[in-house]
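The following blocks contain the structures, represented as structure tokens.
Next, two complexes with chain A in common: one pairs it with chain B, the other with chain C.
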Partner chain A sequence: MTAALSVAGAVFRESVRDRIFYNLVLFAVLLVGASIVIGQLTAGQDVKIIKDLGLSATSVFGLFISIFVGINIVSKEVERRSVYPLLAKPIRRSEFIIGKYVGLLLTLLMNILVMTVALYSVLFWLKRGVPENIQGAWDAPAMDPALLKAIGLIYVDLALVTALAVLFSTYSSPMLSAVFTVCLYVVGQFNEDLKRLDQIVGAPAAGIIGKACYYVLPDFAKFDVKLAVVHGVTVSGGYMLWTTAYAAAYIAALLFGACVIFSRRDFK
Partner chain B sequence: MTPAIRTRDLTKDFPVGFWRPRPYRALDGLSIEVAHGEVFGFLGPNGAGKTTTLKLLMQLVFPTSGEAEILGRPVGDVSIRHRIGYLPENPYFYDHLTAEELLTYYARLFRIDPSSRRQRVTAILDRLGIGAERRLQLRKFSKGMLQRVGIAQALLNEPDVIVLDEPMSGLDPLGRRDVRALILELRDQGRTVFFSSHILSDAEALCSRVAILAKGRLAAAGRLSDLQEFAVQGWELVVSGVPPDVLDRVRRRVRSVTSITRDRYSIDLAADGHPEQLLGELTAAGATLIALNPIRETLEDLFVRRVSEMGDGARPAAPTREPRQRTGRGNVA
Partner chain C sequence: MTRVAAGAAAALCLSTAVVLHASQGARYPAPVIDRPDLLYVRSGPAMKRAALGYDGFLADVYWIRALQHFGGERTAPPDHVRNYALLYPLLDLTTTLDPNFNIAYRFGSIYLGEPYPGGPGRPDLAVALLRKGIAAQPHKWQYMQDLGFVYYWHLQDYKTAAAWFQKASEVPGAPSWLRPLAAVTLAEGGHRGASRTIFEQLAQSEDAWLRDSAQRRLRQLDTMDVIDGLQARVNAYARAHPGEPVTWQRLVASGALPGVPVDSSGTPFIITSAGRVTIARESGLFPLPGQDPENPS
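So, the complex of A and B:
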């Protein structure tokens, strides 16, 4: 486990130096710029829009990091042969994979923490000077702590995407890994529709295939509670726990697969 | 005593082709033993299977058949890597880490005590002559400097067995001299050094024993003195100021006479050509001796001879083929 943590630390340091966090500057500019423009165009809806925009941007920026860093995190090491001296050290290949994954999760966590602070800062700035009676008419307060639930599930969602990307990168090229990950992510957004595919297309065979896909493929739509949070709808603690447990089980299976594949791989 | 490195019938096939992959035999039944404390040279032309062998020892690839041990333990035993150092061919590291950070990272994997970690890293970087650049990111390093970092990381854990794949690659003459000195220093400390190379002069200067690999098979293995034909194969006599009539008389008794400069000649005698007698005659006629050298086989001669003996036939490819005689196989060093 110590070895895996050392690998995770190196991934995080390399990510910081590789200017991955430059996306945060873009995020901040987008958020502040949008809040100024929206504040002048809308009447009383600006806080809701900024919440929606902030959460969506957090999700999209995180997704880019998950996919594009995730698909490269193993394959780049193999391609550049930096994995050779590393695997000649007293470290198991499974520890290498787990370390890489944890390092990327740390990078994502740091990103999301900074984005969260930026979002709350902009919301605080927007709230200032708004009379109490207008604030009372909002679906949810500007500095709503429930936003953290949406952000938490975005992080869980990204952790699952990262695990998919890492699995593909253990045996496939970065390009193919990106295609596979994006495809599964998109399909996973419509997982509920797969369940009732027979009703949609009117063919019983499609129903069987759809149901099989529903149970095998990850259901990414479960992690999206942005709309509910923005409109002040309560997301229960039970739902948070159940969804996180679902992701954890899926991630464990994906990482197990990644470790098995990587442990058998020849580095020509 | 258990050898430091032992392979038995080590064989590796790689699949070639996308739709219908066929096995390509990169290494065919390699059996060698490397004793503790020796510098062992693993020689062969490009594509002979040297790097594949080293990767098999490091478990970067897995054998198709056969087995390999280091320090009496199977190479798959992760714990044994605490006692092994490995330099891959043309090493590459993380662009955005500094040399110091990279070695500290590896030192953690070796579980080197945090109190001595920094000191160990600094000492090894200084020893390899890159101490001044320790805080420079590796993407700014030249190929030679990266090679030095590669050697530094291979020695970081003070290993008993050091496996080096083309250690002189990318180094300038001064760097090569430093690495030669380092390998001899490691040998004097009682460590085992197993290195691959196709620079024969390095092997000749450093190795107590060598193995020559060609087309994935062992062509020769053993002490240089046993492998090379050390019996004198002839004599080279270099003289000056020989009178022309004496030279004409000598010409009939020797293998050849070659003019080097206007009055300097190289005389090639057979092994039983009695050089002392000829030298006496020449000096009596007024000639001056410049040099007298015995002619022996060099490692290069041996290498060329053994590699060409392996023939131009196709490399063994498919396990489905009929068994056939393997030249040089089973020649345990």
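So, the complex of A and C:
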């Protein structure tokens, strides 16, 4: 376990060296810039739009990091041949994979924490001086703690995407890993349609295949509560727990798969 | 080439580009093409799928586009043929992507119904948009109130308007003034007093744009009262001076008026060839309810 944590620390340090956190500057500029001009363009919807923009940007930036760092995380080590001396050390291959994954999760966590602070700061700045009666007409308060639920599920969503990218990275080239991960992410957004495929196509066989895919493929739409939170619709604790448990189970399955594939790889 | 020389060359080239860019506008302006805006995707469900979970953000983009389209057409130069054709599709896309986008329904209901040239003059689309809102959020009494308002003001269907005000009043949490409003609308539909009651309530809204819109309607109602007073003086002058053309100058000269009367937007009233007092097309309050935008006189 210590070995895995050492690998995780190394991945985090490498992220810092690779200037991944520069995206935070872009995020801050986007958010602050939008908050300045948005009031002129949106007929009083600036708080809603900053919430939408902040949550969407958090998700998109995280997605880019998850996919483009995740797909390289193992294959880069193999390409550079730095994996040879590493695996010669007293470290199990599964620890190597778990360490890589946890390291990237740490990077994403740091990224999301800073983005969350930036989003709340901009929302605080926007709500200053707005009369109470006008704030009362908003769907949800500007500094709504429920935003953390959406951000939490964005993080869980990114953790699942990262696990997919790591799995593909253990046996495929970065390009193909990116294609597979993006494809599964897109398909995962349409999972509800797969469930109803028999109604759409009108063929019972397609319905069975669609239903099988619905249950087996990751359902990424589950993690999207951005709209609900922005409009002050309650997202229950039960929903959060159930969805997180689903993701945890899926991530565990993917990481087990990644460990099995990686442990079978011949590096001679 | 040294690093300094390369840097200086880059700076020089960039400065040249900046100077050319800054000076081009005055000498060789880009050709102006006055063409209608384009909307490539009109299907809300298709766009919702393409949004990949970022539907809230895309709804905001379409919302801003709807505002830009409406504002751009409404404030366009007089020689531009105003075309609000994209307003409804943009609002429809916005509300499909984000079915809880309250302001889009309420904005739409007001501005879709606005008579041409101030808006597209399509109260039927305003009704469609609000019905979509009610289907998405059946507990929103505000949409029912707005629907009543569209029937009242734009379609002059007082019975349906009263029914919607009544329906709104029955929603839990609706304000108490909606029930008497329904009764007043049914009893005195079309009367200015009833209209004033509606807009005085709307003018207390927390939403600035709704308040502004209601205040404009109240100013229109005040203007209609002023027109009634002016019409009485014009009629009196016409009776006293049969055969003479009635003009503001003659009325002022006769002492019937202290000066040429102007409406609350500062535009002089006009007297039509038939002797009717009305507001000018240039007025910020044009058109008044029942006034034909194509033929104001």
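The working rule: the second predicted complex is superposed on the first by the 267 of 268 C-alpha atoms of A that agree within 3 Å, B and C clash if a C-alpha of one lies under 4 Å from a C-alpha of the other, contacts with A are read in each partner's own complex, and residues count from 1 in each chain.
In the analysis below, a residue touches a chain if its C-beta (ideal position, glycine included) is under 8 Å from a C-beta of that chain, and two chains touch if they have at least 3 such contacts.
Fair warning: this is a prediction, and the values are worked out from it, not measured in the lab.
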Chain B and chain C placed together on chain A: clash or fit? fit
**Prompt:** In the superposed arrangement, which partner chain does A:137 touch: chain B (first), chain C (second), both, or neither?
**Reply:** second
- prompt: Does the superposition put A:186 against chain B (first), chain C (second), both, or neither?
  reply: second
Just to be sure I read the superposition right, which of the two partners does A:226 touch: chain B = first, chain C = second, or both, or neither? second
Practice prompt. Applying the touch criterion given at the start, work out whether A:41 contacts chain B, chain C, both or neither, answering first, second, both or neither.
Written response: second
Exercise. Pick one for A:82: touches chain B only (first), chain C only (second), both, or neither.
Key: first
Query = After lining up the shared chain so the two structures overlap, which partner does A:53 touch, if you call chain B first and chain C second: first, second, both or neither?
reply = second
Query = Which of the two partners, first being chain B and second being chain C, lies in contact with A:92: first, second, both, or neither?
reply = first
Taking the superposition on A as described, I'd like to know which of chain B and chain C A:2 touches: first, second, both or neither. first
* Which of the two partners, first being chain B and second being chain C, lies in contact with A:267: first, second, both, or neither? -> first
Reported in degrees to the nearest 10, the CA-centre angle with chain A in the middle and chain B, chain C at the ends is 150
Superposed, chain B and chain C have a smallest C-alpha gap in Å of 21
Footprint intersection on chain A (chain B / chain C) at none
The chain C residues in contact with chain A across the complex are 49, 52-57, 59-60, 63-64, 67-68, 98, 100, 102-103, 107, 206-209
In their shared complex, chain B is touched by residues of chain A numbered 2-3, 6, 9-10, 13-14, 17-18, 80-82, 84-92, 264, 266-268
Chain A partner, complex, touching residues on chain B are 14, 55, 58-62, 78-79, 81-82, 84, 86-88, 90-97, 101, 105-106, 108-111, 137, 150, 153-154
Touching chain C in the complex, chain A uses residues 41-45, 48-49, 52-53, 55-56, 59-60, 133-134, 136-137, 139, 186, 189-190, 220-221, 224, 226-227, 230-231, 233
